[in-house]
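Next come two complexes built around chain A: one with chain B, the other with chain C.
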Partner chain A sequence: MTQLVLFNVFNGLIVGAFYALMALGLSLILNLSGVINFAHGGFLAIGGYLAFTLIPYVGFWGGLVLAPLLTAVLGIFVEWLLIRRLYGRDPLYSLLLTFGLAYMIEASTRFIWGAQSLPFQVPGWLVTPLSSEYFFVTGYRLFMVLVVAIAVVGLFLILSRTRLGIRIRAGTLDLETVSLLGVNVRLLRNMNFGLGIYLAGLAGVLAVGQLGLQPTIGGSLIMPSFVAIIVGGLGSLPGTLLGGLLIGVVSGVTTVFFPSATEAIIYVMMAAVLLIRPHGLLGDEGRF
Partner chain B sequence: MDKPKSLVHLNRRTMIKAAAFAGIAQVASPFIITARAADNVKIGLDNPLTGTYAALGKNELIGAQLALEHINAKGGILGRQAELLVEDSTSGDAGTAVQKARKLIDRDHVDFIVGNINSALAQAIANVAYEKNVFHVVPGGHTDSVTGSNCHWNVFRVCNTTQMEANAVAGSLITNAGKKWYYLTPDYAFGHTLQAGLERAAAKLGGIKLGADLTPLGTTDFSSYLIKAQAANPDVIIFLQAGDDAVNALKQAVQFGLDKKVHLAGAQQELEVLLGLPPEARIGTWVFEWYWKQPDVPHVNEFVAEVRKKSGGHVPTARTWFGYAALWTCALAAEQAKSLEALKMAKAMQGFKLPPDVSLMPGGAVYRASQNQLIPDLYVGTAQSTGSDPEDLFHVSEIVKGADVAGTLESTECKMTWPA
Partner chain C sequence: MGATDLRKQATNAVVWLLLLGMPYWLPAIGGYAELGTRVVVLGLAAMSLNFLLGYTGVLSFGHAAYFGLGAYGVALTIRYLVPSTGIGIIVGVLIGTVAAAIIGPVIVRLRGVYFAMVTIAFGQVFYFIAFRWNSVTGGDDGLTGWTRAPLNFGFFRVDIEHNATAFYYLVAATFAIAVGAMAWLLRSPFGRMLIAIRENERRARFLGLPVDQHIWMSWVISCGLASLAGALYALLNNFVDPRALYWTQSGDFVIMTVLGGMRSFWGPLIGAAIFVVLQDYLSSQTENWQWFVGLFFVLVVLFFPRGVLGIIRRKIQA
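After this line comes the complex of A and B, so read on.
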């Protein structure tokens, strides 16, 4: 029993790292622009489908690099065309817009690639388990955690060391002042949205390595990410990371004791956090 | 003081205009449809086109459309052309499915209603059809109650009950994989009845249940379940998931190398799932409800060729056949009864055997009297990574007669009452 719990804690961290990657992208967009991007799962699906289409030409690694970039370009275009018109309005407007956008993306992927699940394959040597006892630690899953770690470190470096990052962080705190200082806020938000969607695209390519590739894939993965943000605390990127890891572990350990509640438990956890610490574990008080 | 008054006045007038318009629309549209109804016999299809079951829904639609072409080419239904009205029921929202069923029946005045893939939605539509006295065919919702404890005189089902599937495959599972089973079961009606059915069937053959975990519908990561199942040290992990859940579960189990430690198998399997899996994960013993590769069965090759033309080169799946047989059931019921009256048609279909060019299976298929459940052949075999055709992913090792696995009428718990 102890071993089963330990296995599930370890396994939960791997799963949680993935939730965190999706949640970080969502969190970036939410913090700077106040947009609750319900279409994030749709962009994730697009990332997966683009990789599936590109891999025969550029190989797995080429697809892993190119697909998220192309998804980000699409995200930048969508922000320019639709989302920026709703800044400054009640968040409900952008919520409704992105909600509709999620349906449009799902229908479009179904139209282009078909409703049938596609057999996405990763290189054989990557999916071999590292040991017989720890069979759930495959090369691919470790690689996924590594990519998430690189993305997280990269994101924190961008946010703390680059001009763009410093502006994003400043904008998160006080957009008006940043704007008065001569920063092009429109461009800043545009690039920030692109960065968030890049993470969605990356999560998409990684996800379809171990899931079936179908138009609804984004919808089923997005809810844990929202919960990760709320548990971790709105406005805090480390909080989002912590939230993602935490729900991965809690949901994994629940399997040992009460398997049918693995999904429900993350919402119970969210409710508990909202009751005891409404601004989340690491969130700023008074935000939203 | 005046201003608000005039505003109220304006609002009221607008409201009255809107109400009048809505009223006219209500009166006008059935009139137009009634005029059209005189010409065509209408079949309403209330099935998923979006969501988790979209791929299955699309294949049932292709089958239904092909059947419609065949029916009309042979002179239609009672000498009138047949028409198919298609509505998206969604994959899981019973409210929408019921609303669409009511729309098809009340506004479009369909003579038949066909649907649904989701068992819960199928049952919900069946209740509406029963209340409205409309002939209803369920193409692909498997849970037992549809033609069991909740059966109705007007509701017919093409696909098997979960108990039939369980009875058909249990013996082969024990022979091929072993006696000690661990179940991973999707947490909704279909999964529950399938597991219960397998437990009953396996117990008779000496099967042992080591454990069972319910997985929420739409689970993406199965790793924690697989860790637990493997720890119980079974001969076989039984996967009862359907659709995308099945793809996710099997893909992950094979990536973990579990196929090298225990058998991975289950009961119901579908070509749509095997097509979505990478080749190395197409393994295990399963039961198919229909398979396209039956070179010795008359009419099957022609059917496959025609479906390929309609679906961009893809072969028909069991779902395509469900849609095809469901629409033909409507047409045959009318012809058999020489009427479009639901009661007469339902009586005419009691014990009715589908003609060979519709049943498309070696032993044929019969609607069992007093249950309205189609009793077809079932195809037990193993999944294969490659075959003679890119879509030949199942090796049939045994054809099981439906009559041998359907159980007695009493065991289905269907107590049908007919209107006076």
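After this line comes the complex of A and C, so read on.
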């Protein structure tokens, strides 16, 4: 029993780490540009599929590095072509536009790679269990936790130490002043969007190793990411991280006791959080 | 009577004449009865969404949940309780309305994109219940093994089960009652308060309007009518599956509303008609119709943000 609970807590943490990685990207874009990117799940799927296609040529490590970068380039292009036209307009329009993009990306992946789910090979040395008693601690699972941890630490270092990151944080608070200080706000939003999509692409590469490749993977992962943001608190990146891990663990533990509520429980949890703290666990009052 | 009033009367007359005569003129231009019924049903869903989106100014993105609850309400009632279409519709609307009333207090204090995010995420609860509760809902395969029952008024029966035209007129009559109620509400002091909230929420609050309470009421009415549309939708297909509750369905309702014109009463109906016909055509032409539907979203946002009726109105005023 203890082992079962431990297994599901561990599994929940990993799933939560995906959600957090995806939700952090969504949060970055939402905070600076006020856009809820419904296509985020689509970019995640693209990251996974690109890795699948690239790995035979560049190897697993090459795929892990290249696929998220290429996804980010695509994101930067999409922002430049479409999304920047909607800044400053009713948020309804950016919601609808990214919604349409989500449809288009899902249909495109189905067209290019087929509707069937594809096997995604992870290196053999990562698949073997590390301990016979705790069979579920495979190398790949630990590896995923490690990559997510590096990505999250990297993100917070970028935001706190680099010029781009400081500008992003300043723009989140007051974009107009940042613009008056001579920062190219269009470029800033463009780069920020790319950074968010990079995280989606990275989450995609990791997720398909665990869940397999199918066109609908993005659509099924995006709603939990919303919940992660809402539970953690809009406008707070540490909150988003906490929210992601929390809903992962909660749904993992629920799997042990009431398996059919695995998915529904996180929405119930969101309702509870909203009732007690309408701005989420770490969100700042009055921002939305 | 001013020119605007006259134009409104004329528009109303044209819309009702077209709706009444649908079974006669639609086949003549290559349509079929079921397509017309679907336009009216989804049009009702989009119009009920517009009550909240266009007239109260609240960005709701989760109407599929209540649409789907209405659909499951009618299906479960007929399948397990009584083979009565009327009772089924009432149960469906009750379930959807009560669910909206319970969720309302959690969300009425939220605004803008936050409201949109929370409403669309909430809908997923019902999706997963329908998806997972196999023994009752049929899970992913949907709920089959039931059909809409003939209407029995005691002295005469209407066979809506096999007669598609009779079923169309049942849907059209329900639509008329629902839409009439919405028009009446919007003309009442209550409706004017909703519009005041949309135009300037802070001023409405300073004038002493109970804003949150009004948004809650508007939300419940809007979701209740959406569940009525959902109940009709299940009856139309004699079938319901979890996709009626999925979050993408919510987006379809919003695009119908925007496409027709959010600031006009009949706009969403026109948007629904265009969307339904387009989807019907595309899915018969290509397997990748979803790509084109997505492209359609993008084009509407970039080039027709005011919707069809918004453009026509501007032409008239210019």
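Here is the rule we use: the second predicted complex is superposed on the first by the 282 of 288 C-alpha atoms of A that agree within 3 Å, B and C clash if a C-alpha of one lies under 4 Å from a C-alpha of the other, contacts with A are read in each partner's own complex, and residues count from 1 in each chain.
One rule holds in what follows: a residue touches a chain if its C-beta (ideal position, glycine included) is under 8 Å from a C-beta of that chain, and two chains touch if they have at least 3 such contacts.
What you see is a predicted model, and the numbers here were worked out from it, not measured in a lab.
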Clash-or-fit label for the pair chain B, chain C on chain A: clash
Chain B versus chain C as contact partner of A:106, first or second or both or neither: both
First (chain B), second (chain C), both or neither touched by A:37: neither
Contacts of A:236 with chain B and chain C, given as first, second, both or neither: neither
Which of chain B and chain C A:260 touches, first, second, both or neither: both
Partner chain(s) touched by A:210 [first = chain B, second = chain C, both, neither]: first
Segment of chain C that clashes with chain B, given the candidates 58-66, 112-120, 130-138 or 166-174: 130-138
Intersection of the chain A residues that touch chain B with those that touch chain C: 106-107, 110, 260, 263-264
Chain A-touching residues of chain C, taken from the complex the two chains share: 53, 59, 61, 103, 106-107, 109-114, 116-118, 120-122, 124-125, 128-129, 131-133, 247-248, 251, 254-255, 258, 288, 290-291, 293-298, 300-302, 305
In the complex with chain B, residue positions of chain A that touch it: 3-4, 7-8, 11-12, 14-15, 106-107, 110, 114-121, 124, 127-129, 132, 135-136, 138, 140, 207, 210-217, 220-221, 251-252, 255-256, 259-260, 262-264
In the complex with chain A, residue positions of chain B that touch it: 50-52, 54-55, 57-58, 187, 213-216, 218-221, 223-228, 230-231, 244, 247-248, 251-252, 255-258, 261, 272-273, 275-280
Of all residues in chain A, those that touch chain C in their complex: 30, 34, 36, 38, 82, 85-86, 89, 91-93, 95-97, 99-108, 110-111, 219, 223, 226-227, 229-230, 234, 260-261, 263-264, 267-268, 270-271, 274-275, 278, 288
